[in-house]
Structure formats: structure tokens, C-alpha cells
């Protein structure tokens, strides 16, 4: 087990390597042991045909939030890989800002199960946030595989 | 029911409105009634921390391929919305080119179930394509809802 | 919208028609609007090869708990059908008593999304209950289809 | 790797220990390396409120078919545990006989991904079989854990 400062540093360092986050404009806005938040401002380049955020973009920030929540409880030197996830789209992804929160549901030696949620905010009014998607994900603890750390 | 030419035109017109496809660099490479293919060349901007295509990007092209496969069998004027999907990541998404293929498994009046697969190609050698992900998705047939057509 | 007493009566009447519940020995132990609990005592006849409750039995009580949670928020005369669900098995299903709780996450006109959990109790010590499974499910509101009410 | 005769014997021996199969009346009707079939005759005791086979029963035979398909490709001495599965119910489960077929999609050292399908037959006319459900499942290869073999 690592200290909380190490957990944050480790997740942050790995997040910085996810080049897709930069392309989308997503940032890491909170890291705790077992819980991670990623924030994404709306941009037209990220939309599907009706002008909503594409479900795949919603999934991208959910997967990273869940994956890093899982990584935050893994032993040092281990890496995380998504085995699978399911996403329910609860409402059209309309809003100015989207916050994906992932948290660990169950941490085993090999498998970490996480759940995630994306909340859409209108004009930065957090009290009007609406849940637009929920994820249930299975993450693999990868050890001793070259190239797969963090 | 529409003619096959109409099906292709309808899917193509809707795909052109998905701005995220342009940002990722994905193109629509095949449309048939009940089956759609989207192709995405590898770019470093699309990667996760180990240098593979991010699972969320894999999901983005799978979701569009499945959604348009569903739309291709819907009555004219109906729109498609993803209700939910599950993705299994079968292997690290390494390759030069990724092809997502969605097809209709069951088309009902309200619900269309689709399956999808992403194959990774190395240096354009299709014979060495490897399946890197599989999706099982549920799509909603949306009728009479303003703003949701195609 | 119906009164709470009607909600309970409606769910209870439908549950009584689920003959599989009698075969398994499951009973309906709590009904509220948007939330339903089903309880199943352990029996050897319900096990898989390692002596745990079979994942399919876990799923059976989860599906009914989620389905009836969904039904409890539907208009009178509507019926409920499971479109799909995903279950994560979090721990081997060991215990004397299993409690499945389903609750509504999002209720739409056509689609109701529910989540569920199964907790295993040892010797009736609820304080030692362990979560053994979690479900994320999509239910269909069925109207005007003969034979499909409640 | 074991011989095909050993694969069949191993799966059959484990299936015999699944007491739930006897309660439901399900039998193992085909075992090949990477593919397993389980057959279940309709009985009223297995139904939900509309008289169809309960989705949980459909899932039970699918999970065992997928789990044993996975076990059939694992090294001797390993055991199989279901990590998670997703099921889409494609049509009401009406029929006289239900056949669940599971097959391996991808076999890794730790994780085996399987897909499954349930076909409903009317009066034993296989040519009229209808697909009523599809599963996408993730199985864990369990080694060196007491009590978890086969």
C-alpha cells in the first residue's frame, strides 16, 4: 500500500500519458484512494448527429475514471487494463461540463470491479447536475508484463 | 422500407453530422442494410497510457457502427439512440488500422439489438487482422421526438 | 400513478404468478415505489459445482427484484419485460440467506433502468452481510400488448 | 492440454455436481473443446408471470454452457468462476425445448471470454428454432485456490 500522496502522483502521471485526454480536453480533477474524477468541457467537435456528446466520448472519460480508481488501490508496479464494461445512457448528454466519477466496488487480487457515473452540468450550476450515464466495469490487475505498468 | 441506395444515403448523411468522427479521423467504409463498417487509422493522439488505442475510442467507433446498423433497418423518419452497450476488450488495441463492424442481431419495433467487432490490422495486411473488441448493444427506435431523426 | 398500497398489491400479485420463485423458495420481503426486495434461503439444490449458489440463481432473484422495482413505477395496465442485464459476481455466493434488492435508477416512458445487489447473510447476522453480486438492468414498459400486463 | 475424451469427461463430471441443473431438469447434450450445449425442456415450474421461461433460468443454462466452454480449454487442475455476464433477451422464451450453446471467443491465461445463445424449439422442430437470448461472458481461470477445481 502506498501513501495517499503517492496514489495521487501515480494516477496523475499515468493520466498525463493518455494522449486521448488532451485531444478531448479532459482533465483529472480529483483523485482519492478508490475514487477518481475526470472533467470534460463540452465542445462541438465531440458530438454525435443530434448535437449531444457522443456516447463513446462519455464512455472514454468513464473508462479512465474507473480504470484509475482501480489503479489507485493496486500494489505499486502493477498496471491496469480494462477487461470489459457496460454503459447505460440515461439521458441525452447535454450540458456545458461533464464530470465522470469512478469508484471501486470490489478490489480482488486479480480483478477490480468499479462503477462510474457521468453528471452533466448546465452553466456551471452543480445543483442542476443530471446523471447522463452509468458504467459497471471490470479491471484487470496486471503484474510482471513488460510495458504494462500503471 | 427504403431502397438500399436510400439506406446508404441516410446513414452517410447522419454520419457526416457526427463531428467526433472527424476529430478521431474515422470514416464510413461500408453500409449495407443491417451492417455498417467504420475505419479508423491509428494516431498517437488516440492512445491510453501504454500506447494502445484507448478503449473509449474503440467503443466510439463500435457504438457508431452498431447504431448505424440499427438505423439502416428502421423506418424513415425514425432516429436512433443508444440505450446501453457492453464491450469486452479482447486484446490490446495495437495496429495501424482499426475496422469496427456493427450488425443487427434482432430488430423489433422499439428495440434493435446489435453486435459489433473491432479488428486491428498491421501494415494493411488484412489476413493478419486480430479481433481486439466485441460489443453487444441495445438501440432505441425514436419516433416523433423533435430533434431526434436519423 | 397509483397509491402505495396499490403498488404493493400489484407487485405481489405478479410475483405470485412467477412459478420459478416457488421452485427456488424465494419470497417477496419488501415492496416500495421504486424498490423491491426478494429473499432466498440457501438450499443445496440451488448450487453449482463448488457448492455456492449458482450465478444463474443469483441472477434470477436479481432480475425479478429489478423488474418489479421497474413495474412499481409504471402506469397501471403496463407490463414489464427485461430487455437486458449485466451481472458482476463480486464474491462466491456463500451464506444461509440471500437478499436481492432492486431499485430504479432512471424511469423513462419506454425504458426503465434499474440496479440491483445481492447480499449474503451468515446465520442471520445481517451485520455480517456481504455483497456477492451487482446488476445493471434495462426494463421495457410494455403497453397494449395482449398477455403482457404486470 | 488434455485429449478430447478427457475434456468431455471433465466437463461432464463438473456438470453432474451442479445440483441446480437437476432441479431445473437441464442436461448436458454436447461437449467439444471450446463449445458446450445444455438442453432444458419447458416446465411450468420455470416460468415468470406471463408464462414464459424466466430470464434467470435462461441465464442459468447460458452461464453453465459458457462456463463449461471456458473450462474445456483450461489447463488440467484449473477451476472456472464467472466474473460477469451480460444477457440480451431477444424474444419471449416460448417453446417446448431450450438449447443453450456457449463457445469460447478468446482464451487468455487468466481470462476467457465466451458468447452464448439460447434457441427455443417448438414441438421438436429444430428448423423452427428461434434465438431468444444472447450472452457475452467473462470467465476467470482459477488456479491454486482450494475448493475451486473444475
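Order of writing sets the labels: A, B, C and D. Residues in every chain begin at 1.
Following the convention adopted for this analysis, contacts are C-beta pairs under 8 Å (C-beta built on N, C-alpha and C of every residue); 3 or more make two chains touch, one makes a residue touch a chain.
Just so it is clear, the structure is predicted and the values come from calculations on it, not from any experiment.
*Asks:* In this assembly, which chains make contact with chain C and also with chain D?
*Replies:* Shared contacts of chain C and chain D: A, B.
*Asks:* Just grab the chain with the largest centre-to-centre distance to chain A, centres being mean Cα coordinates.
*Replies:* Looking at centroid distances, D is the chain farthest away.
*Asks:* Provide the C-alpha centroid distance between chain A and chain B, rounded to the nearest whole angstrom.
*Replies:* Computed value for the inter-centroid distance: 22 Å.
*Asks:* So what's the Cα centroid distance for chain A and chain C, whole Å?
*Replies:* Those two chain centres are 29 Å apart.
*Asks:* Please report how many Å separate the Cα centroid of chain B from that of chain C, as a whole number.
*Replies:* Distance between chain centres, rounded to whole Å: 33 Å.
*Asks:* In chain D, what residues contact two or more other chains?
*Replies:* 83-84, 86, 88, 113, 138 - these are the residues of chain D that touch more than one other chain.
*Asks:* Spell out the part of chain D that touches chain B in their complex, as residue ranges.
*Replies:* The contact residues of chain D facing chain B are 86, 88, 90-91, 105-106, 113, 115, 131, 134, 136, 138.
*Asks:* Quick one: in the complex, what on chain C touches chain D?
*Replies:* Per the stated touch rule, the residues are 14-15, 17-20, 22-23, 44-51, 54-57, 59-64, 79, 81-89, 92, 147-148, 150.
*Asks:* Using the touch rule from the top, collect the residues of chain C that touch chain B in their complex.
*Replies:* For chain C paired with chain B, touching residues are 83-84, 86, 110-111, 113, 138, 140.
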